[in-house]
Amino acid sequence: MINDKATREAALNAYRQHTGREYVPKSGPHDPPSLRDLAGLGLDRTYGDSWSRPGLDMRTKSFICMTLTAALGCDDQLKSHVAAAHNTGITKDEVVEWLIHLNGYLGTPRTNVALKAVREVWAGMAAK
Amino acid sequence: MINDKATREAALNAYRQHTGREYVPKSGPHDPPSLRDLAGLGLDRTYGDSWSRPGLDMRTKSFICMTLTAALGCDDQLKSHVAAAHNTGITKDEVVEWLIHLNGYLGTPRTNVALKAVREVWAGMAAK
Amino acid sequence: MINDKATREAALNAYRQHTGREYVPKSGPHDPPSLRDLAGLGLDRTYGDSWSRPGLDMRTKSFICMTLTAALGCDDQLKSHVAAAHNTGITKDEVVEWLIHLNGYLGTPRTNVALKAVREVWAGMAAK
Amino acid sequence: MINDKATREAALNAYRQHTGREYVPKSGPHDPPSLRDLAGLGLDRTYGDSWSRPGLDMRTKSFICMTLTAALGCDDQLKSHVAAAHNTGITKDEVVEWLIHLNGYLGTPRTNVALKAVREVWAGMAAK
Amino acid sequence: MINDKATREAALNAYRQHTGREYVPKSGPHDPPSLRDLAGLGLDRTYGDSWSRPGLDMRTKSFICMTLTAALGCDDQLKSHVAAAHNTGITKDEVVEWLIHLNGYLGTPRTNVALKAVREVWAGMAAK
Amino acid sequence: MINDKATREAALNAYRQHTGREYVPKSGPHDPPSLRDLAGLGLDRTYGDSWSRPGLDMRTKSFICMTLTAALGCDDQLKSHVAAAHNTGITKDEVVEWLIHLNGYLGTPRTNVALKAVREVWAGMAAK
């Protein structure tokens, strides 16, 4: 069910384009075998169901994902999306404009939390 | 303080471009006079501070606003942003793709709430 | 357990002071008898546990409750708290200042939702 | 991709068991054709991916869904899940106990919003 | 008020059953004496008001608490509830099924945050 | 637009009064120059637009900000506001009463997260 081959392949392609690297499933040393189903699900339901579709450009999808993870307060996910955004050509200045747009709609506290995450991504990029 | 003239003018211009109509401040029959400060603030802090800036295109800002209001569960504001999005050339199919993207990241319940709001906008557009 | 007499009495007193009227438990025509436990719980856990305590003034507690219900997007509860706030002497102008304070911290969409609720309270007060 | 046949069939079966009726896709009079993809996605990603799996009983999944929709403030979805819960044998008293459990963890305002939704379901059941 | 003896005793019993250990109130080196009231309140309002009630089984209450803390993004509390869930017989596979159920309803980012917390609990269990 | 001089000056004054120290814009080593606009925006939209207004006392605004950041789960911002609250004369006992008030309205998990943040502030104050 959650192992449809065509979806998985489309997901892996979209993941590669978006992040600039191959998908490597994360696993923990104490995971039960069933956890593989969840990992596949997370990949298929985002990259397979949506990123692989041509109807909306990757740039727009990047801003949507950055916005959602900032609104939900999911900092690790926000950092992944900001890093991937830079990989696909979104500039630092555009990320700043995005933060300025957030400020009025989401308020200053959540925007500052997002800014902190963004700065950690920039520090990581500079360290490479 | 919250009545800076240049900001207000820039805000009104951006509002016109985005929504296709003139800004008319909403007021209630029992509002105290001080409420005008709040109305101005809402306009200046969104259209003045951010929509008026050139660094991010209007299309991207539209998707950000739709995403934020969907994530926050602010249905009336979501409807305004979907209507304005159509005014600036975003198509129905693109709104569907946006909803498909939301589904994996925000979950099905919130996506269905957003879909309901979108359909009300479409019904309103068809009734014109 | 959830029927401690002293708590209930303190809760009823605090409710009366805050809202200006007697507490009348709401019940629905299809409620099972066990629902009375929940109704008591709601009263005891807010008015009994906290409103009845002397350590923080009623005015401050009012602003905290208005803020929480606005942040949570619980519009009916926000309306009750704004109405009670006016009952204990908080003015319309102060409610406007509170909304202005929300705007920067919570963002414009949620502030506008709160403003709509506030206006409904004001309309109800004017109709009396 | 989002039209995998086996998933869809499993989803329709699980939907029937949970709700006691056949799945009928909702459509709006102004929907573009692409919206069918989203409707299928909502069904496959919940009933196909999860409800169809045997590893967790339907009763537990019901309480999880009721809890999530209450926490997210998605009232229409909460009502559907409470109605389906009663269809699968969860009693009114158990729904009350669930609300009592919510109260301490989610707070009184959100619990009262959930209670209102529950009462509307009960009124609908009594009207049949 | 918040020191009702019967509630406290019932709370302590329920806590012991759920977590497998005695309740030890946490205190900080700089707490004012009044903080004891809050600590008692947290215990009484969850374990006293609800966990001590017989109307819903401990297993169901565990899943509700895990779901709420995941939805609220309260990671430390989620970890406590996952640990206690394992103490009362909920298996790792069931926790995985719970995460799979979350994924469709709460979205992938929040589910991944919950997965990270779950893995930390599993690592802690393995280290014992 | 976002550099209105009068607003900035009022913001800096209000910031000084509230926190007891001069505002020092935070900057990161990899910030693009445009980030200065965002920093100014955060200051102007909170301290300039609202804290500088006389219509609501600083004490009330402190409780509103503490409540908002606790409700949003923005822990760093909550810590800043608790520290500033103590600077303006709000006592530890009043912060405890505020947490007790939160407990019934926001639920125990979020209240415990807030308590943890508060304790870190107290530890920092004691270390001075």
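By letter and in written order, the chains are A, B, C, D, E and F; residue numbering begins at 1 in each of them.
Just so we're on the same page, a residue touches a chain if its C-beta (ideal position, glycine included) is under 8 Å from a C-beta of that chain, and two chains touch if they have at least 3 such contacts.
These figures come from a predicted structure and were not determined experimentally.
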{"item": "Taking each chain's C-alpha mean as its centre, the one farthest from subunit E", "value": "B"}
{"item": "Type of subunit A:subunit F copy interface by residue overlap (half), same or different", "value": "different"}
{"item": "Chain located farthest away, centre of subunit D as origin (C-alpha)", "value": "F"}
{"item": "Whole-Å separation of chain centres (CA-atom averages), subunit C against subunit D", "value": "30"}
{"item": "Whole-Å separation of chain centres (CA-atom averages), subunit D against subunit E", "value": "24"}
{"item": "Multi-chain contact residues (two or more partners), subunit F", "value": "34, 41, 45-46, 49, 53, 55, 68-69, 72-73, 93, 96-97, 100, 103-110"}
{"item": "Interfacial residue positions of subunit C with respect to subunit B in the complex", "value": "73, 92-93, 96-97, 99-100, 103-104, 107-113, 115-116, 119, 122-123, 125-126"}
{"item": "Contact set on subunit D toward subunit F in their complex", "value": "104-110"}
{"item": "Contact footprint of subunit F on subunit E as seen in their complex", "value": "28-32, 34-35, 37-38, 41-42, 45-46, 68-69, 72-74, 76-77"}
{"item": "Touching residues on subunit D, where the partner in the complex is subunit E", "value": "45-46, 49-50, 53, 55-56, 59-61, 63-65, 67-69, 71-72, 93-94, 96-98, 100-106"}
{"item": "Residue ranges of subunit E in contact with subunit C within the complex", "value": "1-2, 4, 6-7, 10, 34, 41, 45, 48-49, 52-53, 55"}
